[in-house]
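Given below, in the form of structure tokens, are the structures.
The following pair of complexes shares a single chain, chain A, combined with chain B in the former and chain C in the latter.
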Partner chain A sequence: MLRNIVRETSFLAKDRGAIFWLTLAFALSVVAVSFGVTEVREQRETIATLIKEDAADRANALQGQEEWGSAAYYAFHLTYAPPSDFAFAAMGQRDSSPWKHRVRMLALEGQIHESDTRNADFGLVGRFDFAFLAASVAPLLLILLLYDLRASERTARRHDLLVATVGSPTQLWLPRALVRVGLLALLLLTPLWIAALIESSSAGTLLQATAIVIGSLLIWWLIVELVSRIDAAPSILLTTLIGIWLALAIVVPALSKAAIEASNPVPDGGEILLLQRETVNDAWDLPKEDTMIPFVEEHPELADYAVIDGPWAWKWYYAFQHVGDQKAAPLVKQYREGRLSRDRQAGLVSLLSPTSFVERAFEKLANTDAASMVAYEDAVREFHAQLRAFHYPLMFPEKPYDANLLSSLPVYKPPS
Partner chain B sequence: MSPVTRIAREEWRLWMRSKVVVAAALIVATLLAATTLLTINRIAAEQSERLEQQIAAEKTFFAQPDRHPHRMVHYGHYAFRPPPPLAMFEPGVDAVTGQSIFLEGHRQNTAMFADTKAAADLGGFAALTPASLYQLLLPLLLIVLGHALFLRERESGTLAVMLAQGQSGTKLAAGKALALLTVITIFMIPLVAVAVYSTSLGESGLAAFSLVGGYFVYLCVWGAIVLAASIILKQRAVSLGVLIFAWLFAALVVPRFAINASSAMVDAPGKIESDLVMLAEQRKLGDGHNAADPAFQRLQAEVLEQYEVETIEELPINWRGVVASYSEAELTELLNGYAEKRMNLEAAQSRIFDFFGLASPTIAISSASRTLSGTDLATHHRFLRESETLRFDFVQSLNEVHAEELDYAIDMNRNAGPEASRRARVNAEAWQVLDEFRFVPDSAGERTSRAMMSMGTLTFWLLLAVAFVFISARRVRL
Partner chain C sequence: MNSPLETRSLSLKREGNAVLDKVSFTVAQGEIFALLGGNGAGKSSTLLTFLGFLEPSGGEVLVNGQSVASDVTAARNAIAYLPEATSLYGHMTAYENLDYFLDLAGRSAGVDELNAAFDRVALPIEARSRRLQSYSKGMRQKTAIALALLRETPILLLDEPTSGLDPVAIDEFHDLVKALAQGGQTILMVTHDVYGACQVADRVGLLRRGKLVGSFSAENGQRIDTETVHAAFAEREAA
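Let's turn to the complex of A and B:
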């Protein structure tokens, strides 16, 4: 076997076409990971700057406040999802879903749907990241490398002679294809490994990524192998293979996406917003109890302090902000669950399409998939809850304002 | 029948006999038809939904009861962007940006609830639109049909016969080109149908048919590239391989590479980042809610002098309304400055992206397509600007009501009890200050002139490719 491989490698060295495709694969991989690493660094820098600016702004806003209510009103808090140590390989949803917010203690539904995303063209066209290379481009390169192994020998009229002289055909075709697939995998993966070292990604992640790339190349190899057994002209084989690629990379995902979205409707985001807004605004004109009763139902420990006598009190203001969120909660839950079930079903369907599968698997490893974006939003909700849990026990019993206590304001921790 | 048409007819006869070609063409045609119908339906539904939402938002605003005018500033309003008629062919950035925006006092919000945020994620190509089929799939079909267009004659030995009979390589190439051209023309039918339909929905003929023209040029570029490859290259499989590489490069790699490059070359800070810088400045301006802020001392002196009174209580207008209006104007100027800066940086990124059209005709057509359809980034920016104008106008009109129709003493006393707070309200008729908002696409002239550069790039590609075909056809030897 080893002898066969050595022989095929020396043949390959003379095949200019093959060398071109392999070099191209390497160059594209280098480009993809270096852009990825640059982008991830930029995002980390942005987050570092934001943390600093955010703290400065909050300190400034809190200065000179005299009430708990106004301190909570003016203090914004940065929340963010830092790119993972593998995000350079798959930017995934980070271009179309927001990964940073500044929230305060007002109704969260009015804040969390803000989308501070990048240039819309980015989300539309997509980036050339490693996940895209491995999922969509690498199979095409593999097809171009392998489709005419047999057919080119046929064209050169050597095919039958070759098959007759070797003991078994596997001794001939297997090493020949193996050398190509192996080199393609190696050239694609080397830049990824180097970038992973630079970014100090975890070994487990890298191992899985490597397995995914190799696995997908093996599947495509199998497809090419099956097709190229057909005794047809190389151009017909190539056309057929490109057709299969189109079906698996474009048609199947597009059809499944349409079907999944139709069968898993999510509520219109505008409705969430409208409901929350209307509730908050109506509260101004309603009797105070209409706000305080549903509020106390969720916060029984504050029942003793929930009677509002005057026309205005901060605690009433924050109570109706929260009641707005409470009212919108069922819709929000539907929206969140709709997103997650769409994502789950997309995960199942992606088993039918190697390109979708690879892209999704990379996004999952990189924590840039839809579930990670939902997890970030959950972390923001959790932080907002902490913020309320900090302020309510001070604000409701109307404890005297003490600026020193604010140094123990909850600090946002990104999801790990 | 001239030799050119005879050659073209012969080509068609061969295509009709090839199962691969017929199958490929049928599949593409079916996909195109299905995607077009689905997209037309979806966009039509979205369009009527958005319009309804816009009208409903206005109705609820008008229907608000008597209130303190500043409450209405915070009650806010919504602006919706219905998709333009041509979005049924090219939905463009609409899916990524979100199409509704909440408008309120003292804040500029972002557009919310982009479709992509809740979409089932199945990788980069799952969001099929008629436009993306034209951009990606039709060139591939032309490649399958045409990679051996000229080569075939060489392989079968008929080239020698024809040249010997005195047919020139150019004439032969013209016949082949005619055959491809008829294919392209046939596949333009769905787009022409969409274009005609869009004009019946109020789209201008100029924009719709510039779009048709753009795609026709784009497909001709590919046709010419395919023809040139089949003339120059000597082996079917090599020709197909080279063309597929060209497609891979132009349609898959370069567009995404261009996105990476424009993002790396121009750093456009996000809204939160620029807001933080701005907030520091904003604090210097003072808080519009607090009329006693020192930053307003100067304003106070001016207004007192203007009305020739000594104290704000003596003013014929409500001082708090004056302050709200003044600080809203100051803040908006500041916010707009930052928003413009951000949008300019994004526009600069898009220009870099367009520039890559010189490396890939797919980029040129996709930019032209979005621009002509009115679904490009520039249109989204205009939506942001127009909704901002809407916001500023209604907020300032409410502030004017605050200043002129609500007595200062009553206003200051508003928290003294239920009766006092009831008196600090104005009649709901005042809410009529809100303008109707109907977002419309740019004029066709505007869009076509914005698409000039991309269309120019496409024309350049066409000239280049045709010249290439011409030169290689003239040099045809055995």
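Let's turn to the complex of A and C:
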């Protein structure tokens, strides 16, 4: 077999067409990985800058405050989901879901969702990252490298001589295809491996990514192999294979996405934002009990401090912010569960489409899938709850303001 | 002793039409057997059954006494095949083409051995390092013949082997084929060239519409009489 591999490698070196497609594969991989590394570095730099500014801004905002309410109002807190050490390979949902916020102790859901339309352009067309290259472009390159292995020899009237000379056809076609598939995998993966070293990705993640790419290429090789057994002209084989690629890479994912979305209606972030803001705004004109009663239902430990005598009190203000979140909670739950449900169903349907499967697998490895973005939002909610848990026992009993206590403000911890 | 090549009541159908109809013949070791016939007589199809590319609808095809159907790889390994209108790789030189095809056959040859083969087929020295895309049809045919020589198989199947060769090269080729047969190689060639077949073959079989309708042998060291074969060929074709 080794001898056959060496022979076909030498043969390939003289095939300009194959060299072109392989060179293109390497170039595209370098570009995709470079885009990813650059984007991830920019995101890390952005986060690092924001972390630096966050503490200074908050210290500045808290300076001179004399009330718990105003201290909570003016203090912003940075929350973020740092890109994983493999995110460069698959930006995934980081392009369409927010991964950083500056939250205050106001109603939270509106703050989370006011920026969820970021990068809508990427949400539409997708980013040219390694996951896209491996999932969608690599199969096309594989088709172009393999579709006419036999047919071109038939067209050139060389097929019978080749097979008669080699004796067993598998000693010809298998190594010839194997060299092409192997080199394609190597040229696609080399930039990924180098970037993974630079980014200190874990060996386990990299091994899994490598296995996914090779597995995907093997599946497409099988498809090409089955189609190219048809005794037809190269152009017909190519048309058939491109048709299969279109079906598996475009049509099946698009139709399944539409079907999944139709069967799992999910409110968009704007609806949550609107409902929460309307609730908060309406509260100004409602009797204060209408706010404080539902608030106390969730915080019975503050019942003794929930009577608002005057026209204005910070605790009333924060209570109706809180109730805004309470009102939005069913919609938020529907949104969260709907996204996860869509994601689960998309995972099942991806078994029908190698391209979807590869993209999803990469996003999972890179922690840029829907579940990871939901986990980030949950981390923001948890932090916000800690903020409330810090402020409410000070604010509601109207304890004297003590700036020293602010050193115990909760610190945001990104999801691991 | 088994004949290197043999067909027993070989029948072949393609797309429902009979291509070969109970064709039986043997080719002995060191013999040159020429199958002569017009277009569509089934000559090339006969060769392809020996290589296992076409499956008989009836009868049997044997190489060295073994059914091709039972071990096609063994049959192919015993045969060097020179197809009609050979198309080797145009983007490779004659040396590279032979290197590649010999490697496919599981053997290698040094430059001296390659040059010796090229000398035997009279391929010009200056052409050997050129890509085949610049070759004439005759030069490509010579390269393919050199490949067949270098295979050193006990059996040679030649499909219109002199197609594209000039008269001098044809004569040289005939001499070469005779020398190979004298060296013990078994040769089955198919052609529609009556003169060429009679010049080189020990036996000529007439194939018409898939049936073997006549056979002529060289006797007493004489060549087969071209006029006799030509007359029979013309008569059969006209029938």
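Criterion: the second predicted complex is superposed on the first by the 397 of 416 C-alpha atoms of A that agree within 3 Å, B and C clash if a C-alpha of one lies under 4 Å from a C-alpha of the other, contacts with A are read in each partner's own complex, and residues count from 1 in each chain.
Note that in this section a contact is a pair of C-beta atoms (placed from the backbone, for glycine too) under 8 Å apart; a residue touches a chain by one contact, two chains touch by 3 or more.
In this text, all values refer to a predicted model and were calculated from it rather than measured experimentally.
Chemist: Kindly classify A:Ala71 by the partners it touches after superposition: chain B alone (first), chain C alone (second), both, or neither?
Modeler: The answer is neither, since A:Ala71 touches no partner chain.
Chemist: Check whether A:Leu172 is in contact with chain B, with chain C, with both or with neither, and answer first, second, both or neither.
Modeler: second
Chemist: Regarding the shared-chain residue A:Leu188, is it in contact with chain B (first), chain C (second), both, or neither?
Modeler: Neither partner.
Chemist: Looking at the overlay, what does A:Glu359 touch: chain B (first), chain C (second), both, or neither?
Modeler: In the superposition, A:Glu359 contacts chain B only.
Chemist: Now for A:Asp148: first (chain B), second (chain C), both, or neither, which partner does it touch?
Modeler: first
Chemist: Which partner, chain B or chain C, touches the larger number of chain A residues?
Modeler: B
Chemist: If we overlay the two complexes on their shared chain A, which of chain B and chain C does A:Arg3 touch? Say first, second, both or neither.
Modeler: second
Chemist: With the two structures laid over each other on chain A, which partner does A:Phe11 touch: chain B (first), chain C (second), both, or neither?
Modeler: After superposing on A, A:Phe11 lies in contact with chain C but is clear of chain B.
Chemist: Identify the partner contact of A:Leu162: answer first if only chain B is touched, second if only chain C is, both if each is, neither if none is.
Modeler: Second partner only.
Chemist: Quick check on the complex: what are the chain C residues that touch chain A?
Modeler: Counting only chain C, the residues touching chain A are 48, 51, 53, 73, 76-77, 79, 81, 83, 85-89, 91-92, 96, 100-101, 103-106, 144, 151.
Chemist: Applying the document's contact rule, which stretches of chain B touch chain A when the two form their complex?
Modeler: By the definition above, chain B touches chain A via 20, 24, 27, 31, 35, 38, 53, 60, 65, 67, 71, 74-76, 78, 92-93, 95-98, 100, 102, 109-114, 116-128, 136-137, 140, 144, 147-148, 235-241, 244-245, 248, 252-253, 255-264, 267-273, 275-277, 279-280, 283, 346, 349-350, 353, 366, 377, 380, 414-418, 420-421.
Chemist: Applying the document's contact rule, which stretches of chain A touch chain B when the two form their complex?
Modeler: 17, 24, 28, 31, 35, 38-39, 42, 46, 49-50, 53-54, 56-57, 60-61, 78, 92-93, 96-97, 100-102, 110, 113-128, 132, 135-137, 140, 144, 148, 151-152, 155, 233-236, 238-240, 242-243, 246, 249-251, 253-254, 256-258, 260-261, 264, 266, 268-270, 273-274, 277-278, 281, 284-285, 310-312, 335, 338-339, 342-343, 345-346, 349-350, 353, 355-356, 359-360, 363, 369-370, 373
Chemist: For chain A, which residues are in contact with chain C within the complex?
Modeler: 3, 7, 10-11, 14-16, 156-158, 160-168, 171-172
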